[in-house]
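Below: a set of structures, written as structure tokens.
Here come two complexes built around chain A, the first alongside chain B, the second alongside chain C.
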Partner chain A sequence: MNFLRKTLDKYKPLFEKGAKYEKFAPAFNGIDTLMFVPNHTTHKGAHIRDAVDLKRIMITVVLALVPTMLFGVWNIGYQNMGEGHTFMELFGYGAIRFFPMLAVSYGVGLGLEFLFAILRGHEVNEGYLVTGMLIPLIMPIDLPLWMLAVAVVFAVVIGKEAFGGTGMNILNPALVARAFAFFAYAPNMSGDKVWVADSAIDGVSGETVLGTLAANNPINSSVFDMFMGYIPGSVGETSVLMILIGLALLLFTGVANWRIVLSSVMGAAVMGLIFNALALNSLMTFPWWQHLLVGGFAFGMVFMATDPVSASQTNKGKWIYGFLIGFLAIMIRVFNGAYPEGVMMAILLMNVFAPTIDHYVIAANIKRRKKRLEKIKIA
Partner chain B sequence: MSKDIRIKKGLDIKLKGKATENVVTVPSSGIFSIRPTDFHGVVPKLTVKVGDKVMAGDTLFYSKQNEAIKFSSPVSGEVLEITRGEKRKVLSIEIQASKDQSSKDFGKTLPTKTTREEVLEKLLSSGCWAFINQRPYDTLANPSDTPKAIFVSSFDTNPLAIDYGYALKERKEDFQTGIDVLNKLTKTVHLSLDANTSSFFDSIDNVELHKVTGIHPAGNVGIQISEIDPINQGEKVWTVNPQDVVTIGALFNTGNYNATRTVALVGSGVLSPSYIKVTSGQSIGSIVSGKLTDVENRIIEGSVLNGRVLLNDSYIGQQTNTISVIPEGREHRFMGWMPFVANGNHSASRTSFSWLFSKKEYEPNTNMNGEERAMVVTGDMEKVMPLDIYPMQLLKAILAGDIEKMENLGIYEVAPEDFSLIDYTSSSKVEAQDIIRQGLDIMIKEVG
Partner chain C sequence: MAEEKEALFSKQNRKLLSDPLNDNNPISVQVLGICSALAITVQLKPAIVMAIAVVFVTTFSNLIISLLRNLIPGRIRIIVQLMVVAALVILVDQILKAYAYDVSKELSVFVGLIITNCIIMGRLEAFALANKPWKSILDGIGNGAGYGAILIVIAFFRELLGSGKLLGFEVLGHKAKTLAESTGLYAMGYENNGFMLLSPMALITVGIIIWVQRSRNRKLIEA
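Up next, the complex of A and B:
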């Protein structure tokens, strides 16, 4: 490591103030601080600081996504080739399909992040480490790479940098990418031919569970398959088991807020039970608890609704925010005629309302303070 | 009447280098120094010039904003130098101490037998007024105000902080007199006690006692005020540190301004941490010489969470109680951001296993452990903020300069030290204390 440190230190002066490549300092620092925690000491405020930083938080989320990603890669192969193949064959097939998507997502996204950091003269933020991994996991595997690249550009530029960068965005950037692709390239984002790799060419039926239900057809996946994730769908969304492993890490580390996860499940359960009572079509009769296992519900609640930047910031707000996401996700899923899934829309919608929820939660605190003042004025 | 207070939100940080219970004496430093910049917002007007002879208690300068507020010399001797900075701003006044110390006599008086005006006059003329702080705004108190209450916290829960019960155990009489003095200035004096230990503070009269349990910042007077009698818009309360109550008491008992104090010299940079008898304005070199480890250390006046840096050739201030010494942290750490790897570095976040070992005594250095970023993680500030306040929203309102929002969100109830744990735990490395100070200064300027 000494060699690496020495090399970095050797080139550092080139990027210092007044030096030749001063403008590119954010890019150099981005790489430097990824390799080494900087030698900066405190200069105001508390003299000692907690060992945690934003990099550690973001990397924890990336780690939590790894089980889901690995399973997703295997499942790409399994959905295309079916039984009778070795694990490595299936995984290898999936890897060839998936890792180019991941490379495009990180390459385009991080490239833009560095560019904006240089243009604005601020440090590179770590937010995209997570976003870059989320984007390919919520896309159908057959999405052409150039569409993915355009969606990433839209998400980073319009979804994030237009608002001021990481921490300032209103919507979850990964979902912005998905929503953009969904509306711009609808044929590649929905239907029964996109969820299994090459299904259009091979003529394999690749309908999702929700798609089958929406068409009033009987589903042929067992509950076990749905839980384990042996079903078609976006790359990362299918395995509830793997998502739960990720959730366990996020809750253990406290990185994801348990209030959002719990309340969103409660919201979905309430909506699901209402539909079960009405039971007007296949989507409504689908047992409420099975709604939690299929589609993007589990992935969305664990990895996207919990994004602290776009969620409600107050603890009370988080309860309301999570509950409504779960509630709306199932409602949109059942009522949306064109596309039988509502998780993306529900989260984006609540992203927009999160500041409003916080406003009312904080208003209660302000009111308490004002009441105290009035009491004293009377006395 | 005694109310019990329990603080659940916060964080105790256990560090290596707690002071053992013995008091060490150190030789006097020859030169003493007073820094007007220690008193936030005070513009000094000098009353002495180089070569003047002064006694302990003689006025060195007064506040331009309020000429009644005077600041005194801690020792007798000769004014050696007056250091000025930009725009001739007075940075410090150095005094060469004389061999035989003499103090100005302000006269012995029983506070119970004096009027409020006489008490005020004595505090102001002796320079002891500088020990009385005001909230809101965390500044010096204004003698023309009558505060709704005065708060004294008898214990400090900051990491490695001084134990007042031990340091002041022989000064109970002076402390009681000091409390009687404060009673002349307001209706109620609140004294809060650490419910888990007993000390002479338990038997102090003429105060409303409050037993406090819980984790840091349980000892901070800010959280105690909010639990006992929160500050509303337009109200003022005063706070005085226990050691300063003793100095005020001694002024009335002996007639002299006695600037000697007992401080705790603590931290992993100190070879054998202990209590030390010092005089305000004494050079730090004379206090720590031969007592520190052989690495690059940072000397901090106050706690590691909210003290200020003392350079090696500088002098301690008038309100010092703890001197913390910890190593500087100028090392790069390879991939030090990996979760669950460097568990020897304390973290309140569960992305490191160190939270499982909260009893271990940690040895942190001054490394930032990361770089400043936009505020991303939510809910973490609330975990260490026992005040009924939304800390992140208040910080953002200050950064935006939105005065109405700051008022609404409770700027009058906070002081920078109340945000020191947020400085510490923030994963975005937010300089919360600095932002709060800015916010308070905006309020002083715009609202007053």
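Up next, the complex of A and C:
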């Protein structure tokens, strides 16, 4: 650590104002503050500072993602090779497939972040640490790396930097990447060939549970498999158990908002129950509580819907926002045959509506308080 | 004559031509005529034809209205303008049907919809009604070209990235059913970007053009 500090200090003068590499100061400071707690002091205004800054929040989310990522890596191997292999064989196979995706996502995304920071002269934000990890976790494992890179470029430039960078984005950047890849390279993002690594070569085909449902075929995974995540799907989305571990960490540290998670589960349950009651076709008869276990629902609700930037800001707004995400996600799954999975669309749609929800929640609050004030005046 | 005669291409007149291409572009600055920019930019060829048609209509409608400007009663000027524009659009439509039938079929209803293109009415109202014929012609050409330029840029990227072609030529190589039979970029595993063919991407492309233009042209940034 001492060595790192000394090295950084040695090069610091080069990046100070008026020095040779002044332009690249944001890049240097970005590395510096990533390694060490920034040592600047407050100059004016409130002097109370919390140890939890943007960086700590982002690192917490990354930590919460680790269990589901590790499981995902193992599951890649399991889906491809099946039983009869040691844990290390399965994990090693998955690692060879998954870590290049992670490297591309971080490499391209952070590169762009640094580029924009230098061009615009602001500091590098840590927001991409989470986004960069989320993106490979919500992609099918067979997605070519260059497509992933294009999707990352689109997500960072159009999804985030066009709106002003971390904290200003309307949509969740990771989902922007997925939506872009989904519409641009549809054959590589859906169907029964993409969820299992190298399925084109090995002839293994693995359809997601929702894809099987949409195609009107019987499901052959048990509820236990769905919960544990021994099913084909995007890398990070399959294991509900691992996602719940992540959720526990996020709720314990207060990074994720329990209102959104709870209300989205309620929304999905309500929609699922309505469909179960109607039961007009085989898709509608799929038990409502199993909807919560399959596809990207758990992952989306825990890691995407709770994104503090793109979600509603008011507490009441969060209830409405979460509820509608759950409600719409199940509705899209059942009604739209072209999109077996509705979570991505539901979250993106509600991201767009989140500021509107906030606006009306605040307007209602002002109205109520005005009424109260008038009552007091009369009395 | 007391007044000094202005040169045909004086500085002021040249500005009428060049302004709409950059500082006052109808699409990227005034944000007019977006619908047709989304609808007919999937391929380059219809976009070019559309650009030529709009240049034709803006130029001649500007000229005719400018010639008539002292004769048109103010209260019915919109109707008169519409008549002139409609007549010109029908002319364009008939010419396309006669000499470029397949392009006319591709453009379908959007040729007729040139009538409703806000750029044309806007130029008539804002410019031709108050200016002399020569200036109006220049203004018409400038605005038509400003619109057309953006259209062609969008169509270039949409056709190139969306279907890997330019004007119908397979510039990125041929995509066959299998990787081995493909040539060019497709042999390396390249795939067309299907999103480019959908209209949201046209809107995003317009957005990117506006972004690039504003970061290059500081005059356009609102305080």
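Here, the second predicted complex is superposed on the first by the 365 of 379 C-alpha atoms of A that agree within 3 Å, B and C clash if a C-alpha of one lies under 4 Å from a C-alpha of the other, contacts with A are read in each partner's own complex, and residues count from 1 in each chain.
Keep in mind that, in the parts below, a residue touches a chain if its C-beta (ideal position, glycine included) is under 8 Å from a C-beta of that chain, and two chains touch if they have at least 3 such contacts.
If you're wondering where the values come from, they're calculated on a predicted model, not measured in any experiment.
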| item | value |
| --- | --- |
| When chain B and chain C are modelled together on chain A, clash or fit | fit |
| From chain A, separation angle of chain B and chain C (C-alpha centres, steps of 10 degrees) | 100 |
| Partner chain in contact with A:I158 - chain B first, chain C second, else both or neither | second |
| Partner chain(s) touched by A:H85 [first = chain B, second = chain C, both, neither] | neither |
| Partner touching more residues of chain A, whether chain B or chain C | B |
| Chain B versus chain C as contact partner of A:A186, first or second or both or neither | second |
| Partner chain(s) touched by A:P308 [first = chain B, second = chain C, both, neither] | first |
| Which of chain B and chain C A:K12 touches, first, second, both or neither | neither |
| First (chain B), second (chain C), both or neither touched by A:K316 | neither |
| Minimum Cα separation, chain C to chain B, after superposition on A (Å) | 12 |
| Chain B-touching residues of chain A, taken from the complex the two chains share | 1, 4-5, 33, 35-42, 44-57, 59-60, 63, 123, 125-127, 164-168, 252-255, 257, 308-309, 311, 313-315, 318, 358, 362, 365-366, 368-369, 372-373, 376 |
| In the complex, chain A residues that touch chain C | 144, 146-147, 150, 158, 162, 180, 183-188 |
| Interface residues, chain B side, partner chain A - complex | 13, 159, 230, 232-235, 298, 300, 304-307, 309, 324, 326, 328-339, 342, 345-352, 354, 364-371, 373-379, 382, 388-390, 392-393, 408-410, 420-421, 423-429, 431-434 |
| Complex contact set, residues of chain C against chain A | 189-191, 193-196, 198, 204, 207-208, 211 |
